[in-house]
Amino acid sequence: MLRRFFPKNFDFYDFFDKEMVYVEDASRLFKEIAARGEVSVENREKMREIEHNGDKMAYAIIDNLNKTFITPFDREDIHSLAKKLDDVNDILNTIVSRMKIYKMKKPNKYLVEFSEIIEKSIEALGIAVRGLRDTKKMNIVINACKEVSRYESAGDKLRDTALGELIEKEKDPIEFIKWKEIGQEAETVLDICKVVAHTVETILVKQA
Amino acid sequence: MLRRFFPKNFDFYDFFDKEMVYVEDASRLFKEIAARGEVSVENREKMREIEHNGDKMAYAIIDNLNKTFITPFDREDIHSLAKKLDDVNDILNTIVSRMKIYKMKKPNKYLVEFSEIIEKSIEALGIAVRGLRDTKKMNIVINACKEVSRYESAGDKLRDTALGELIEKEKDPIEFIKWKEIGQEAETVLDICKVVAHTVETILVKQA
Amino acid sequence: MLRRFFPKNFDFYDFFDKEMVYVEDASRLFKEIAARGEVSVENREKMREIEHNGDKMAYAIIDNLNKTFITPFDREDIHSLAKKLDDVNDILNTIVSRMKIYKMKKPNKYLVEFSEIIEKSIEALGIAVRGLRDTKKMNIVINACKEVSRYESAGDKLRDTALGELIEKEKDPIEFIKWKEIGQEAETVLDICKVVAHTVETILVKQA
């Protein structure tokens, strides 16, 4: 197998920053949609576009990884970081798609709360990902990663509370199925954020 | 850790070709089953056998990978290709198993359509996988991979249409659950095909 | 990227043994809970604690992997073994959490049977993982791995039987959803055990 010995001038940090912006855009739009409780045609389209742009950025990183001989940190960590950030956008896009198909019309207090935790988690993730290029910021990055981990625990608790109330109060089985699915996917967003944060920590540990 | 320095005469291309045949067999049988809408005892057994044979082929590739020092392309790509092709068979087998357990008796137009897209996607995948050994066929392989990606998008749309109709018309919650599950798994087949195609593209990029 | 050239004195085998003990604790507690059919506050807390301790052990292994230059076997296999053992605890903890949220009160014969197969599978896994440090025990390890694989097949059959009876007899859709979910997760425990066993086999093959 031949890899080019003279790396192209591909700035991985720069592309991660760009991918991160799409993840932040998605989380802000998701919060807005959750607050309204209904997915407008316009917002559906916006979310799809963000997801599509994030996807292109992730593929650009992975494709350049395969063409580049020297990388700023371990190849498998670059791959994982690009892929998992993309997974965040994918699942936010999926949730919005489901809300649309399921014709949801009213805000749900738990989904609103999830969307707020998700936005905060992704804010912390942005600090972590952007801090990677500056080893002097190591403490800031580590604290941001710990925050992401705390939001994941908060999400677990919120899902259990929401599921407990759903099982107690929702007697329409199809409504039960819809909300169970959406709640679980909202919690999964926070799980994926935690995986991203752990990848960032791994990169730091190896550079230490 | 010691790896044998004198590679056994294991032809990875040959084994991928063989694994691919089982995936193609599975997709054709799945199309037939979807068209009938019911799983006969004979077809259940046939699908199980295909899955079992594909499994053995995937394990043969992975086990030989661990024993072989020189490989035609990156080890992790060989592992991923063998594993993901096997995942295609696994999930087709799972869908058929569910249709049997759920005692499905009539064809469903969406499942028929899915089975046709799946067959086409796997045909394109066959072109991609078999083209790997001949670098002169690079353009053919790349076009086949793009086709697989288009079928995945078509599958996404089909699942959304099917789910929209299901939520609209299916008032029996248990029927709803059954068809929602089967539709999602049918769409997942196309997702996995896309992952296989991307692995093939990765191998090509690295060889370029 | 800089890795420390002088490995810290980190005994991976020792940590795998410790992680394994938590998996065994979880499986025994799970069997007890399944037999009672109800999750007491005390048992809920115990399971959470086991999961938490197992998690810390897995992170210790992965973090030390990133700091250590020389490892007893392939880095990716160490990572996979630590992560997948942790997944076993995670999913057992999830099942118990669901049983609590769903306010399950009575033992279910299939869940009892699952919990017994899970315990046996994890016993065999313990033999496999502990046998890794002693190449003279190779045959014992290989047999234990085969046993884990057989328990996985048994789990597949049990899930199909349980799902078939559920679809036949359970007319309350919300009860159907609950038990379908718990049955599938119980079967997934055995799938993950099989992945762990295959990782152990991979390590052996490479050392042969």
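Letters A, B and C mark the chains as written, and numbering starts fresh at 1 in each.
The rule is simple: a residue touches a chain if its C-beta (ideal position, glycine included) is under 8 Å from a C-beta of that chain, and two chains touch if they have at least 3 such contacts.
These numbers were taken from a predicted model, which means no experiment stands behind them.
S.K.: Edges wherever two chains touch, nodes for the chains themselves; is that graph a line, a ring, a star, complete, or other here?
M.R.: Topology of touching chains reads as complete, every chain touching all others.
S.K.: Given a C-alpha superposition of subunit A onto subunit B, how large is the rotation in degrees, taken in steps of 5?
M.R.: A turn of 120 degrees brings the C-alpha atoms of subunit A onto subunit B.
S.K.: Taking each chain's centre as its mean C-alpha position, how far apart are subunit A and subunit C in Å?
M.R.: Result: the chain centres lie 27 Å from each other.
S.K.: Among the residues of subunit C, which ones contact at least 2 other chains?
M.R.: Within subunit C, residues 173, 177 contact more than one other chain.
S.K.: Over in the complex, which subunit A residues touch subunit C? Could you list them?
M.R.: 73-74, 160, 163-164, 167, 173, 176-177, 180, 202, 205-208
S.K.: Can you tell me which positions in subunit C touch subunit A when the two form their complex?
M.R.: 1-3, 62-63, 66-67, 97, 101-103, 173-174, 177
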